[in-house]
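Read through the structures below before going on.
Below, chain A partners chain B and then partners chain C, in two separate complexes.
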Partner chain A sequence: MKRKLKLYLPFINAGMQETATYRVNFIFFLLGEALACAVSFFIWNAVYNSGGENEINGFSFEQMVVYIVLMFLTNGIIGSDASWSVGEEVRDGTIAMRLLKPVSYNSTFLFQEFGNKVLTEIVLMVPLLVIAELVRWLISGAVAFSVVRFLIYLLSCTAAYLINFFFNICFGFLAFVIKYLWGANMMKNCVVGFLSGAIIPLAFLPAGLRTVILLLPFASLNYTPVMIYMGMYSGIETLWYLGLQLFWMIAFWGLSKLLWRLSVKRLCVQGG
Partner chain B sequence: MIKVENLRKEFKKTIKEPGLKGSFKSLFRPKSEKVVAVNDISFDVPKGEILGFIGPNGAGKSTVIKMLTGILTPTSGRCTINGKNPTVNRKSYVKEIGVVFGQRTQLWWDLPLRETYGVLKEIYEVPEDSFKKRMAFLNEVLELDSFITSPVRTLSLGQRMRADIAASMLHSPKVLFLDEPTIGLDVVVKDNIRSAIEQINRQEQTTVILTTHDLADIELLSDRIVMIDKGSKVFDGSVSSLKDKYGQIREMKFETDSKNASERLGYAEKFGFGEDDLSVEQEGALVTVRFNSSVAPISDVLGYTLQRVNVSDINVKDADIEEIIRRLYKQGVEE
Partner chain C sequence: MRKIRRAMRIHRIFIAQELKRMMEYKGDFIVGVIGFLLVQCSNLLFLWLIFANIPSLMGWSLDQIVFIYGFSLIPKGIDHLFFDNLWNIGYFIVRKGDFDKYLTRPVNTLFHVLVEKIQIDALGELIVGIALVCVTLPRLGVEWSVLKVLLAVLVIPFATLIYTGIKTVTASVAFWTKRSGSVIYMFYMVNDFAKYPAAIYNEVVKNIITYIVPFALTAYYPALYILTGENPLFNIGMTVLAAAVLMTLGVIVWHRGIRAYESAGS
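Let's look at the complex of A and B:
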């Protein structure tokens, strides 16, 4: 274990330095996300105003705002670019260089990406949580922050990130077949955005559809951690959804191993 | 050490018909054909040998190297290196080899060079003291000191290549695969790299497989040449045996005052040279004659020339490996 850690530590370090190198890019990325967040806020604001009701599908306006801010934060924590990285390496052939190193292909990506985001997420988390709690306090007049729920939220986020990472690795291996992933990636982001509740809360969907979607792996990505943080789940429900996350995590980890074995056989390195 | 048996690699290649219509067609119903990149190649390399692996562009050199390094899986045939099959035990296999692809880099693009070596040290589990020794040696031969703290993306091609070569040698590999390590480099850097390869080979009996288009690399470093063309092996032997076998072409240069020397001389009729055996060029006073010395001995051609035209300065060059290879690449090889 210690040996493994020593082996992959440099990848975390490299990931951190990469982020530091391209910090302007990161700031622009953040600005874009914040804008999307603001748009979302104004849309829901209009919805609640025109409806004249205080609560829609179990969400009060105050909860909706917290939901939006938390989605923003959670998206950042669990987001993974692995499919893009894998796809690009396949497209330009740099995958060859990674294959020449005596390390596990998937793990190098995992640790590098972890390094990419660890600093930025810590920096982001505090102000965003403060905003969310401030909104809650301003509108409802009560402090609802719970340390236990926050810790379970972090645990759930970790699981969600790993699901997302392995799912993206699996998806990235598609590049071995279709060579260039840009189009497929766009489609994937759209579908995942909807199915994971990043666009509208899954609670707003019709009951039958919702039951199915909640079982899918995508609901385990953003929706579960956010709902846990907001205290929308009872103790038993929390356990059930955490268990579901564990299941999907193992499933995609296994699938990524299997696909890797199959893909590398039919690998054809492009260029030079 | 390295054993290659009947190695073969086929690719499926999508064919696109020309034009917009063709693009649409291939979007919906792609046609593909089978391309044989490497066809039944076998050779052995003993420990400590530097093998020059040459062939014209597109001959399949890189494909062979990729199969030997475990990046590509052969369609059929086998290669074993140190008794290991590259595609079966990737992680344990790549620990024993070092690879440089001249057109790619294994260095970490955004990190200072020094950090990349730190990463490699961990990955290959190089002990601290031998790492230090190794770095000192590589620093000395490849002169890395001046740019070791710069991020890799800011390095020049020559610096990057030296850094890449160093990276491939860091963990004292048993086999070194160098795919065009001197591509696009100036004379001094080439010398640096050659001397690094030579010293590593001499000190540690490292087996080296070297592909290059710079034949000076081959002449200075290689013990043996394997040449492939269109996916098949066409020559396997030492540099001197290549010269013996194909080096009958000699080059004779002389200056003369006669305007149409080639017509006056008429070598082809006199000595019965075939079309491939002779070329005569005249540029002002300077005449260059390349001829096959197995058809007519040098002394005969020389004597005949002196007899027929007024010659002021004349010299005959020994078989030059570059000339041999040029002819072989152009015509293909008849065994």
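Let's look at the complex of A and C:
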């Protein structure tokens, strides 16, 4: 264990330095993302102003604002660029260099990405959670923050990140087939965004469709942790969805290993 | 006159070159277009799901909102189709030192960068935009006059130039900082606001998207004129004015940036 940690520590370090180098870029990128949040805030504001009802599909306006803020945070925590990194390495052949090293291919990416985001996400988390809790407090007049729920949220986020990471590794191997990864990535992000509740809460979907979508791995990404944090799930439901996350995590981990084995056999690096 | 004819000939050659490149990668073309189509579809699904719960959004019907949304995609798509290369300035070209290439050519650098590439993915946006406008327009009971048709068509290139102008100014930042992709991204994201009626925002946001980063002028105001026929002087005139101001600003900042540009060695 200790030996392993020592082995991967440089990857975490490299990830942190990478983020530090491009921090200005990162801040601007974040501001752009925040703008999208602002747009959805105003739209929901208009929706609740024109509907006449206080609650739509189980969400009050206050809960919707909390939902938007938490989606923003959760997206950052569980986001993974692994498909991009893997795809690029397959395309330009640097994957060969990784094959030479006595470390696990997946783990190097995992630790590098962990280093990439650990600082930024902790810095981001505090103000965003304060905003979410302030909104709840301002409108409902009661403090709704629960330490237990927050801890389960963190646990659920970790599971969600791992699902997303392994899913993205699998997707990255598509680079063996599709050359235009940018377009394929956009398609993936769009479909995943919708099915994971990042665009609209899944509670807004028609009942039959919703049942199916909630079982898919994508709902395990953003939706489950956010709903847990907001206290929308009962104890039994929480356990059920955490179990589902565990299932998908193992499934995609296995698939990524399998694809890795198949791909390495097929790998043929051009030039270099 | 001769200058313009030369520029047009160069543009034609570049496009022909791009088309040849694209024929080489037909699969990419399909993936890209479907990708942008999907993005638009998910946004429409969002609107549709919202309208399942409310009769109108602050007095706007679904048809009206979809019309504004569709109209916003047309200038956005045209800019994306022809002038996408500015993103590469912000992300790669300057940082990798590849900008030197443009400086050695006997054409204006900005012109060269703009016309060098076309981004066929944009068809995903353009097709959806035109389709939405065509589907909703007959249902909205708009009264047409010759002037209105003329202004509605005329405003599109100017709305496009608002996009191009904002991208030019923000991409130029790379001449000082080597990398400005995220700056372009941040400003470009403001166009998200433009897809919906400006009336749903508060005064601060409304003023920003009308006067400072004027994306509302690319869709909401022209669409408002088409729908109501009111106030063409502001709804159309401001778009033309903003396009002129932003493009001028873009050209000035670009050329100042080039003077500050130092090639990145590799």
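Here, the second predicted complex is superposed on the first by the 268 of 272 C-alpha atoms of A that agree within 3 Å, B and C clash if a C-alpha of one lies under 4 Å from a C-alpha of the other, contacts with A are read in each partner's own complex, and residues count from 1 in each chain.
By our rule, a contact is a pair of C-beta atoms (placed from the backbone, for glycine too) under 8 Å apart; a residue touches a chain by one contact, two chains touch by 3 or more.
In this text, all values refer to a predicted model and were calculated from it rather than measured experimentally.
Contacts of A:205 after superposition on the shared chain: chain C is touched, whereas chain B is not.
Contacts of A:250 after superposition on the shared chain: neither chain B nor chain C is touched.
In the superposition on chain A, contact of A:102 is made with chain B only, not with chain C.
Looking at the shared chain after the overlay, A:25 reaches chain C, while chain B stays out of its contact range.
Contact with neither chain B nor chain C is seen for A:123 once the two complexes are overlaid on the shared chain.
Once the two structures are overlaid, the count of chain A residues touched is higher for C than for its counterpart among chain B and chain C. Contact with chain C, but none with chain B, is seen for A:56 once the two complexes are overlaid on the shared chain. Looking at chain A, you'll find residues 22 touch chain B in one structure and chain C in the other.
Those residues of chain B that touch chain A in the complex are listed here as 11, 62, 66, 69-73, 90-92, 94-95, 97, 99, 101, 103-106, 108, 110-111, 115, 118-119, 122-124, 151.
Those residues of chain A that touch chain B in the shared complex are 6-7, 9-11, 13-14, 17-18, 21-22, 93-94, 96-97, 99-104, 264-269, 271-272.
Across the interface of their complex, chain A is touched by residues 25, 27-28, 31-32, 34-36, 38-39, 42-43, 45-46, 49-50, 52-59, 121, 177, 179, 181-183, 185-186, 188-190, 192-193, 196, 200-202, 205 of chain C. Against chain C, in their complex, chain A makes its touches with residues 22, 24-29, 31-33, 35-36, 38-39, 42-43, 45-47, 49-51, 53, 56-57, 178-180, 182-184, 186-187, 190-191, 193-194, 199-200, 204-205.
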